[in-house]
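In the two complexes that follow, subunit A is the common piece, with subunit B as its partner first and subunit C second.
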Partner chain A sequence: MTTRYDAIVIGAGHNGLTNAAYLAKGGLDVLVVEKNDYIGGAAVSRELHEGWIYSNCSYVCSLLRQSIHRDLDLTRHGLMIVPYAGTTNFSRNGDYIAEYTDQAMRYREVRRHSLRDADAMVRYETDLMRYAKLIRHFLLRTPADPTSFKPRDLAELVFMGKKFAGMGAEQVYEFIRFMTMSAGDFLDEYFENELVKALFSTSSIIGTALGVYSPGTAYVLLHHVMGDVDGAVGAWGLARGGMGAISNAIAGALREHGGEIRTGAPVQQIIVRNGRAVGVALDNGEEIRADIVVSNLDPKRTFTVIMDRNDIPADLRKKAEHFKIRGSSGKVNIALTGAPDFPSLPAGHPLRHGSFQFLDTMERMERAYDDWKHGRWSEDPFIEMTQSSMWDPTLAAPGHYFVSCFIQYCPAAVQGGWTPAKRDAFGKTVIDQICNYSPNFRDLIAHMEVRTPYEIEHEIGLTEGNIFQGELTIDQLMFNRPFPGYSQYRGPVKGMYLCGSGTHPGGGVSSACGANSAREILRDLRRPNVVPEDDVDE
Partner chain B sequence: MSPMVRLRASRDIAHIHRGIMPTPFHSRSSRLNLNQQWSQWNGFASAVYYADPQLEYFATRNTCGVFDTSPMRKYRFAGSDAAAMLDRMVTRDVMAQPVDTVAYNVWCTDTGKVVDDGTLFRLGAEEFMLCCADPGYDWFCLAAVGFDAVAITDISEDLAALALQGPTSCALLKALGFAGIDQCKPFQVMRFPFGSGRLLVSRTGYTGDLGYELWVQPQDAELLWDELFTRGGVYGIQPMGDESLEMARVEAGFLAPDVDFHGSLHTVERGHDHSPLELGLGWILNFRKQHFSGRAALIAQKESGNYRRLLKLDIEGNKPAQHSILYADRKCATEIGYITSALWSPVVKANIAYGLVEAKYFGGQIWAEIYHQKELRWQRKVARCTRVTKPFWAPERAKLTPPPDC
Partner chain C sequence: MSKPLDAIIIGAGHNGLVCAAHLARAGRQVLVLEAASQPGGLGATREFAPGFRASVAHTLPQFGRKLVADLALENHGFRLAASALPTVALCPDGSGHITIADGTLSGACAADTAAYKAYQALLQKFAKAINPFWHKRPPVLGSGGLRDAATLGLFGWNLRTLGKTDLREMMRMIALPARDLMDEYFHSPLLKAALSWDANVGSKLAPRSPNNAVIALLYRMSGDLTGGLPLASGGTGGLMDALAKAACANGAGLRLDSPVAKVVVEQGRAVGVALASGELIRAQKIVSNADPKTSFFQLLGARHLDIQFTHRIRRLRTDGYVAKLHLALDRLPTFTGLAYPGGRLLLAPTMQFIENAYDEAKYGGYARRLPMEVLLPSLQDDRLAPAGQHVLSALVQYAPYTVNGGWDAQRKDFLDNAVASLAQYAPDIRDCIVASELLTPTDLEQQFGLTGGHWHHGEFALDNWWMNRPTYGASQYRTPVSGFYLCGAGSHPGGGIMGAAGSNAAAAILEER
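Our next item is the complex of A and B:
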């Protein structure tokens, strides 16, 4: 017996759940199928060691669209985003540079390292904010197809053109240059101090198989500062209860609108008949029918694994195979039995509750990237260490801490393939790096989980463990994301759609991809739109 | 003949040298007030914020925040007539209020206009404490006319107070050794030996979240602060100032005097003061009582239905409607009221406000004319307002006994 729904969404990551929630809100009978026994994809919280809740994939949040949070009433479904502040970047000479939220403290901290750079921050932040505000207009909109003469594409192009032109000719030139630039070159235009540049450079390579001096990384930097927490553009927050709280809240909204979720149900294939999607076949042989099938899997996996090569154009298959979705990062998630000591910071200093990085020059980051090019994990890795439970009392008992370490670089494939021994050696490299700055760190470890791209791919399903479902380079952005001609969320066959981070506006826990995709689906079904269009009221 | 003048030495007179005094916690709070940002509340220094108002606000929703409420005015009413006297003054039933409980109250003029609001603690059969934001001794003496067996004392300076508010507040008090605190019900009072005397704990607050207010003799104030902050680190304790408290109280649906209503005794212009019905306080008017000040006027007003309404509003967009005028139409042709408090609520993710709307219009469309600045340039928008009947923020844990995670 086959069951039937109006729509099936494959993958209960946050975008899949958002997509399904809006389809359900739009009146469709929706089912989400998820291969794992738990929902959330890479926005997940699980008790991986008794007494400690881990956000073991994504760990902080800034891009989540406020209008979606408000529209789906996610607060009522248990979501609270708590702003999170204070990054300290330690240097090998025992000093550090920190980002304070307080404007005056921020200024004085940078001035401690360079008077010129402290003043240059104004220029830097204004330029970056201008670009961020521009991009923010497009997050909850479907990119125009520049080759189309359809009225809506033309209208969208005009909208886009107006926003661009609104910056003024000089700024349009600058922006175009910016989009193709490296973060290193961009920062060199503002700052002189190596430590200052290192501090600002780190977000330019997160999740990206590029170095700070690779063209295109300036945009990746922007991608990490264009989000906001309550209108504070550039700010980051933590989901109370871990990142799974986001997925759980969206799932709550989905269920409230009548949608269903089935876990432990891996999809083997999207079934296509006469050029249209008609349902999915599960690994266990069961078939579920629906006129709409939405894939929240990355584009590569969607078109090379769960769609038959005979059901899609050869050109698309080729594009999917060549889609840039390279694994470059790992995670080490740690349960601590006490607060680690960082001798450079005085006891009780508020920065002790913030996140830590250990990078004093961009040169070191470039060298870390060199290791990746040679198929090795970085010997001197970049680490972003977030002590979530210093802010979130729900993750561990008082005095116990959950620490998330994001590591760059770590290749998807190492020579001879990943083995548990190699994985552990990678983990040791990371702990050694932290212990250079915090001698007692190792003694406090109660449990740790080391994740190379191999584990991320095999548990979450992200090809090569790429956290963005495809790199955020200009050849894969806007109307080119994931591929030219496929940027409006529609697949190659009728009734088939994409809704993951591999689509516009790209990676991060934004819910925007899922929401935009739902809007297109409802449009095709000639149903009224229920998806918020515009997030910008600034 | 010269008049009889007896000169006193200047040093024998308690001169007033400054307008702002330290609270009993000042030695501690001023150390944490990184940028020395203070406002003045009843002549005492009150922190505007300590380090980051946004983070301090979130402490009340995520961990726990500490607000120094010592400048609050506190009055003791004692004697065999105390209950009856207060029963005539305030709007709720004081005679039926159990010992060791707290009740939120208002007191009105005979014309039914609010003089002030506050919390009434019944600490014994014949002993009460009334806490309010502004001084009120003169009014209480007036209200006691005809009652001889009641002694009214201003004990404001005899008690230091901290509000400890947020989801980890109960766990922290428990960790400090206040056994049984998890059994304390909302609006209940408990006592514990502390320092040189005792600590009074009430499960009350101004944030709408799980929370307590701690009342202690001034000589033990620093000890209380130190204990809270020594043990509180792992519970995410944060000192909080006026800015964050203001956000929390609007979300919780609480009123602020001189913000949402103008006390009747301060009001010169006719109609610029408010009845409790207008302020949405109908739920604390106990008309079964034979008499209380303002009762007759309030019954008449209630029956007429013809009175303004202070509404909770959810406003489209994310620009707070501060100082906005309200209209019945998008074109702003018919003016119907004004906003009293407004903010973007970070936890609810909504643009919230209170608006006082004329009787004729509260059921219809409401539009707010909002002005906001963008790089100095003023922008105007007219935003639709939706009425909300419940508090914007009212988590389950605030009502549960024992509270969760405790």
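Our next item is the complex of A and C:
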């Protein structure tokens, strides 16, 4: 049996759905094929224990482009992003430091630890925001190819140059430094207090197989503040109904434009004939034809698993094999039958509703990274615990809670391979760590799901369980993402494209990769562009 | 003093001497003031035990023929003791050493030998594209100046002429950690460790550290004295003496044992220096070969600078992570499985071994077994040790400047670890040692006036490179205080015995009148 579409998108993650939605909006007959029985990829909500809805992969939202949110009318399709209370970072000595969302509160809180750092924080935030506003210009744009003399690439380079120059000479120098240095060195320049540094350092390594003192992590810090919630740049929010609400809303827009989704349909291979992609072959032998095939899978999986070695250039295969997509994070999702007690924070304190971290020095984080280097999960892991249901009553019954714990570092491979026993031991390490700060936590657990990179890879299809579909290092950013010469979403054969987070601007549930890719596809088909530009900050 | 001085150079390190020689050759009245009793700074050859001499900087991979010719250094006694030392990656059990000589490998598998040719050819191509820029003043962005625009334009053009494929590869490769680069090309863990050495040595970086490895490798490839790793006759001090003679022959004055206490500033302009002895010497221009922190905070004084600028200097990362070990040996030690230890010996079996040593140092400790670069320069140059006896000169990583407990307490233990690390490869080493000198970063700081004991006067890394070295506002050898200049390794292009910072600084100064 052969069916035929204008375009097939492989993988119903949020970028695949976004890509398909824009292709459909552009007038194409689109099909999304998804291996799992549910859509969403890593932006998903699942009832894994009766009565509790889990955001079991990605768990918070900020990078989702507002212009896409508006353009696809995602609110009407059920998406609501709720900002949450700040992050509290607990210290071993019973103290804490909180990153209040309110600026004055934040200042007072940091001043409690160091007057000098409270003042430095104003400079720090101003500098970081300046870089964030610069980089926000480039998220919904296709990177220029610096080796090309095509008018379009040259124009894009000029656009980039102008935005840079607009910062003023002094800031250009500062930005060049910032982009190449480590978060640890960067923070050391501003702050003196260990707890303050620890609080700010955590965004620099989330999902990243590097330590806070590895050069290049300052950029990762920026990657985590370049988003916004309702225009508040740097803020983070929760999707009401869990992260699956994002995927579902985009799927709603896709269907409204006439697109189709088939779940439970794993793709075995992209079919290439005479140097053109002509469709996909499913695991069950079925072939679906299309002029355009778009892969939402990570670049490594795309070019080493679902494309035949003989269909792609040898050097591309090599690049894909060398692509850095290192798993460094785990996830423990927990259903609780009551609110956990954190003695450091008095009951009723507004921070009780925010997210929690347990880190008092950058050194502890660096040591956790050292463990990862040696192929073991840290006995003193960094945990970011998001109490999603505090702000979203749809996730659990009254009095019940869902918390999502993100853990850094957890290796993709441990000695002898991951086994259920090792996975559970990893989960126990995480719970033990939380119980150091919340004595009654263990007693409240109704159910928990432990996900090492192994589970993330095998369920979601992210190679090595890397949450960004590839490390966010300079050799894999902008015109280098995923590889130099392939950064404009086009694959090695005609009609084949990439649209996943492995492309510019990278992971973090932004929808930008999918949208940028759709713009390039429509351009190749000489169809009018329907993909919005990014919002311009005032 | 008969004629008023045009310039005073603070510090007779190689960059100070090169700068002085160039200024003097152009007819300027120059005086070089040196705190030590011999010129050369880290390049000086010093007697560390009776009859045994060694230099902290022990090889000359970055020195160029042009400088040798320009300053007629050969007329002033500069000779090479060895033109192209091979690098030998020592295998701990002595069975499978890998030798790198004349651009080829021996002792490695066929695949690695072939890969090395391709790797070396590509790096050489990249090195050639950026080589001219080591010897040019970094451009200033947004200056509107024609020269700055031309330098930037030429930089872009040189990269473009690499061709699409190679330029794309360079854009990606330039940010790779040494470990990823090596894993992409090679199989042998020993070879990978050896080739990653030059990417990280001297910095607070290890094989897994991104962004700085390739630029450091290209920097190490910037010299052209020979096709390999050269050694100066008489130790590196032989070159230093030639530089000093060249400077003096051109008319520069050199005063040793004359530490400078302060730069004298009048009405916002540097007008002279005050020696520690109290003597005051005036000159039109004051050029500092000291590191930026020493130059701006100790010699000049922060009160002459705006707060943003001092902040940018203060944040320079100047903690050294390398110790220097000199051993006086009464005979040649036997390295297991190595007939003749006449090369640069690398003692690091795997990149992980180097990484582990780095991880200890991050937290103020040091490893029990230390990665080392070992040279026996007396094999090439018999003037460095009494007849039949030998000098061993080693770079030992990683030795954190701020060591837990302090270096006074840790010195002996660290030395024991270093010797034990050597003994794994040369079991009889302990029996040969008659004297030793261990220079920790603290020693380097105290004896050579280097803040943090950092060889490069500040990390050599992309965030502190080219236009950002040492920081903008001082990246063209001029500083915010008129009449005050930098000419040391803290400026572009950086450390290593190269002399480019000195000659670039001289060019900038000469252009001013």
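Keep this in mind: the second predicted complex is superposed on the first by the 537 of 538 C-alpha atoms of A that agree within 3 Å, B and C clash if a C-alpha of one lies under 4 Å from a C-alpha of the other, contacts with A are read in each partner's own complex, and residues count from 1 in each chain.
Please note the rule applied: a residue touches a chain if its C-beta (ideal position, glycine included) is under 8 Å from a C-beta of that chain, and two chains touch if they have at least 3 such contacts.
Computed from a prediction, not measured in an experiment: that's the story for all the values here.
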| item | value |
| --- | --- |
| Clash-or-fit label for the pair subunit B, subunit C on subunit A | fit |
| Partner contacting more residues of subunit A (subunit B vs subunit C) | C |
| C-alpha centroid angle, subunit C to subunit B via subunit A, nearest 10° | 130 |
| Partner chain(s) touched by A:324 [first = subunit B, second = subunit C, both, neither] | second |
| Touching partner for A:366 - first (subunit B), second (subunit C), both, neither | second |
| Contacts of A:375 with subunit B and subunit C, given as first, second, both or neither | neither |
| Subunit B versus subunit C as contact partner of A:439, first or second or both or neither | neither |
| Which superposed partner A:170 touches (first subunit B, second subunit C, both, neither) | second |
| Partner chain in contact with A:483 - subunit B first, subunit C second, else both or neither | second |
| Touched partner set for A:189, first subunit B, second subunit C, both or neither | second |
| Three-chain overlay, closest Cα atoms of subunit B and subunit C, distance in Å | 21 |
| Interface residues of subunit A shared between complexes with subunit B and subunit C | none |
| Interfacial residue positions of subunit B with respect to subunit A in the complex | 34-35, 51-52, 54-55, 58, 61-63, 167-168, 171, 175, 234-236, 317-319, 344, 346-350, 374, 405 |
| Of all residues in subunit C, those that touch subunit A in their complex | 140-143, 160, 164, 167-169, 171-176, 180, 183-184, 205, 208-212, 315, 317, 355, 359, 362-363, 461-464, 467-468, 471-472 |
| Contact set on subunit A toward subunit B in their complex | 66, 69-70, 74-75, 80-83, 85, 101-102, 104, 229-232, 240, 350, 390-394, 398-399, 537-538 |
| Residue ranges of subunit A in contact with subunit C within the complex | 146-148, 165, 168-170, 172-173, 176-181, 185, 188-189, 210, 213-216, 322, 324, 363, 366-367, 370, 373, 473-476, 479-480, 483-485 |
